[in-house]
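Letters A, B, C, D, E and F name the chains as they come in the text, with residue numbers starting at 1 for each one.
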Amino acid sequence: MSLLAVHDLAVARGGIRAVEGVSFTLDAGEALILRGPNGIGKTTLLRCVAGLQLAVDGRIEMAEDSVAYAAHADGLKAALTVTENLRFWAQIFGGGNVEQALTAMDLTALADRPAAALSAGQKRRLGLARLMVTGRPLWVLDEPTVSLDAASVERFAALVRAHLAGGGAALMATHIDLGLGEARVLDLTPYRARPGRPPGRPAGFNEAFA
Amino acid sequence: MIALLKRDLALATRAGGGFGLAVAFFLILCALVPFGVGPETSALRPIAPGILWVGALLSCLLSLDRIFALDHEDGSLDLLATAPIPLEAVTALKALAHWITTGLPLVVAAPVFGILLHLPGQATGWLIVSLLIGTPALSMLGAFGAAITVGLRRGGLLLSLLVLPLYIPTLIFGTEIIRRGAEGGDPTTPILFLAGITAGVMALVPFAAAAALRVNLR
Amino acid sequence: MSIWEYANPVKFMRVSGAALPWLAIAAAVCTLGGIAWGFLTPEDYKQGSTVKIVFLHVPAAMMAINIWVMMLIASLIWLIRRHHVSALAAKAAAPVGAVMTLIALATGAIWGQPMWGTWWEWDPRLTSFLILLLFYIGYIALWSAIEDPDSAADLTGVLCLVGSVFALLSRYAVLFWNQGLHQGASLSVAPGERMSEVYRYPLYVSMLGFLLLFLVLVLVRTRTEIRRRRLAALQAREMRA
Amino acid sequence: MIDLGKYAGTVLAAYGVSLLLLAGIVWQSWAANARARRELEKYEKNG
Amino acid sequence: MIALLKRDLALATRAGGGFGLAVAFFLILCALVPFGVGPETSALRPIAPGILWVGALLSCLLSLDRIFALDHEDGSLDLLATAPIPLEAVTALKALAHWITTGLPLVVAAPVFGILLHLPGQATGWLIVSLLIGTPALSMLGAFGAAITVGLRRGGLLLSLLVLPLYIPTLIFGTEIIRRGAEGGDPTTPILFLAGITAGVMALVPFAAAAALRVNLR
Amino acid sequence: MSLLAVHDLAVARGGIRAVEGVSFTLDAGEALILRGPNGIGKTTLLRCVAGLQLAVDGRIEMAEDSVAYAAHADGLKAALTVTENLRFWAQIFGGGNVEQALTAMDLTALADRPAAALSAGQKRRLGLARLMVTGRPLWVLDEPTVSLDAASVERFAALVRAHLAGGGAALMATHIDLGLGEARVLDLTPYRARPGRPPGRPAGFNEAFA
């Protein structure tokens, strides 16, 4: 059964199409890594899949409320402690075991620290722990290992593997090696949108008047 | 849902959350006006209800930009938008949290500051009533303005500019309640109007605010 | 052919470009003619020569309201049908509307000095106009503050919608507010039917002139916006390539 | 010259202010349009 | 030095620079007060000078956070600190730019808005004089407050709280000038005091502001 | 003649020492690259050299007003054009040929664009052009090639070489290869500050009460 099916997708940023004609499916237990040069549109595509912006063209098929999204900004509140931050997101997404997530990302020792006192890498780990408490099957991750050191990257890979083994799936954009050999890779470079006025509805002002 | 409200309240009362700043600003405003218009009771008494309402309005205003901007900056807003709570509920809850941390303290503080402005005693009750009915509308309209300007850096002044005209009906009926009440008249009509505005605002503005947020998120 | 077709920028540029010279001539003739004719009308027995102000005041006041309504309609078209040109037309209309409001306020204030003995009175009608000006200012400020044109169009559209409701609400609130003070003692202006034909015809010409002037200005300003958008779009595309 | 009576100042001020404002918006619209056209043409010519 | 002033003026008047917003806010404030205190000339006339001054103060206040924060965010402040201009001159110049883009327009607009509040004609001249002398101090003190809060996210309300008490002497003497002048009295004394305050502020506060900036940069 | 001499420097961030005991000299015509893991204190050290914060211990010797500093934030104003941005900094630093800087960084075609309309890489190039117009001999650069593509990195290396040949010097912190083979490299890892109360004045509240 496929958790996510993308058909002929075109996404736009700043009123101009970034990539178009992207199609892929993602089944339970699979991971897909998006690659491509800076500015090709990886982030934009992920935000479309997460439902944060609308696709210009094409279809995204998936069950409702199946996506957990994580980007550079971790959505952490500096004034709240690690546990409080995590518990909040667990409650919002309805469920998820906070203790287990803390253990998995080796944050138990820091549980009562305010998030303000974490280093960049620790913050990132907390942001990944948040994914576990959402209880969502499809993880959409934008450069998940930024500012992680080598040990934490391995821990992250293990986390993703466990998620896949549990019937989840992951869609990730990254520039570096995640240590997930089994993941499929999709290079977006060939899908770069062709300049010129495309047929159909313009993606925004910039396309409407170009 | 309750979790969101609880978090916002916790954040407001922790260090750096700015709880109480609005009341302090209100106090300073009430203290400044006598310096401007002169200290005589005869000068202050007639304008006291108006000044208190305008002061409450401005204090409310200055704390608005925090409603969504902080969550936008740290990415929480993206995550809330993908959470299984409708964005309309998020805006309404955040407006509620703003009201509890800003509007309610203002309602409590207003009678005290009324003394500074020689507000007549029989008007105090009506002041509280009018603020209690009116301030929720201020928070909700403010949340709308905050949602529109959330993407702008340093949009505080623009936010004020957009929101203040929307506050006019609330202000008019709010002070009218006090004036009629203090004169011994019957303030039922303005009370009904004010309550009607607040109810209408609570029912409809969350949708406009959520729409604005969605635009700003994409 | 449906009217929606004109929302296509290319077609809009072509049609408006062809119509503009004629419209501009008509607008100039009617506006200047109406104003001049009004200026030459005889004095009113009661208001003296100040009656001549009506030929500026009334058309401007009328347009001030109508332009906001037009902006509301254009915003709705944008929000529902996503026609880019109509969003730009709403943007283009706002400064014209603000100027019309200013003219109505300024002529009214100047007129009020001899008639009422005061420059400004918190009369419901005048107050409503002041509030309208505030809404225009907010709308214009929001457009100029947001860089991304797509967001700006959506957000100003929403603001226009909400603002319209509150402008209306404010009008009722203001009526309540001031009449609650001095019962019935409102400073209402002269009723229309008292106006004799000497004044009526120049007023009609002037009103038509202001309407045409508005049309010309909106077309020109929309064309400006389209050109700016096109330049920005070409630059953005070059940057992306 | 027509006689405006004792309200001459009032009437002239009203006409003056209005015409000034109208001229202002007309001029601004025209200048902005000319400028936008110039810039667009310059860009399209330079490729 | 001139280059810095010119750049700040250019930035303020370009799109998104917020030029004119302060005046618009001032207008809204002046329009709101009658809704609060009632439309009667007898109620408005005595409080007009005070309201105008408090309004000017608040309008000034809301544009303060732009003085340094934008330069801080985009790194310009770091570069200015390493430039061969003393940071004291930078703060003074930025306060000057703020005054030109905010204070001066307020001075120009105040008499017009005075009409709305039925400010007596003979007071208008004194209003202009008092604002002209007083507003530079508002900008300079505001720059000090902005320098202190430059590192805080959404510190607008705190900035207001810090700065408003510093504005009190200026406000007192400013309105006193108008009151005495309108009553036909001799406003020389408050004018001298106000000018003295402004001169003192201009001479000393840049050093405090520069010190605060240095702390916030490291 | 040495443009910069650093003796036994200790720098602190957040009230805690980051690195200590760092010494090096930089002569005219030389480039020095600082390396080290995230959070070791490269940025902090550079800001000390630029005079933006005070050293906790040790000495920095150099001529007054000899440093031009450039960090992640380029100090560009989105509303000003490329030329206006550059001219402003040229005037502030008293001199510098704007035209020449534009040519060197291949920005002539974009001279009249507002900086808002530049891509990330173009912005970065403008930020580097700013260095040229300062006319300062010692360039202090914090991760100068972030978001530059390969061609621009080469152009940057050429720019630095020209600066060195003209009697200048450059001190840079970076994680990646800049293509400046002749530059010396200083790894900061061995200088990580030892925890525990150091002798002498504490660096801040956090150290004073540790």
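The rule is simple: a contact is a pair of C-beta atoms (placed from the backbone, for glycine too) under 8 Å apart; a residue touches a chain by one contact, two chains touch by 3 or more.
All figures in this text were calculated on a predicted structure; none of them were measured in a lab.
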| item | value |
| --- | --- |
| For chain B and chain C, chains touching each | A, E |
| Distance in touch steps, counted as few as possible, from chain A out to chain B | 1 |
| Pair of chains with maximal C-beta contact number | B-E |
| Chain B-chain E separation of Cα centroids, rounded to whole Å | 25 |
| Interchain centroid distance [CA atoms averaged], chain A/chain C, Å | 48 |
| Chain D and chain F: spacing of chain centres that average the CA atoms, whole Å | 51 |
| Chain A, residues touching no fewer than two other chains | 39 |
| Multi-chain contact residues (two or more partners), chain E | 15-16, 18, 21, 24, 28, 35, 38, 73 |
| Contacts with 2+ other chains: residues of chain C | 131, 134, 137-138, 141, 145, 147, 177, 230, 232, 234-236 |
| Every chain pair in contact, whichever chains are involved | A-B, A-C, A-F, B-C, B-E, C-D, C-E, C-F, E-F |
| Complex contacts: residues of chain F adjacent to chain A | 37-39, 119-120, 147, 149 |
| Residue numbers on chain E that touch chain F, as the complex places them | 2-4, 7, 10-11, 14-17, 71, 73-76, 78-85, 217-218 |
| Interfacial residue positions of chain C with respect to chain D in the complex | 31, 35, 39-40, 43, 48-50, 52-53, 56-57, 60, 95-96, 99, 102-103, 106-107, 110-111, 113-114, 213, 217, 220-221, 223-224, 227-228, 230-231, 234-235 |
| Of chain C, residues touching chain A in the complex | 9, 82, 84, 148-150, 153, 226, 229-230, 232-234, 236-237, 240-241 |
| Contact set on chain C toward chain E in their complex | 109, 118-122, 127, 130-131, 134, 137-138, 141, 144-145, 147, 177-178, 181 |
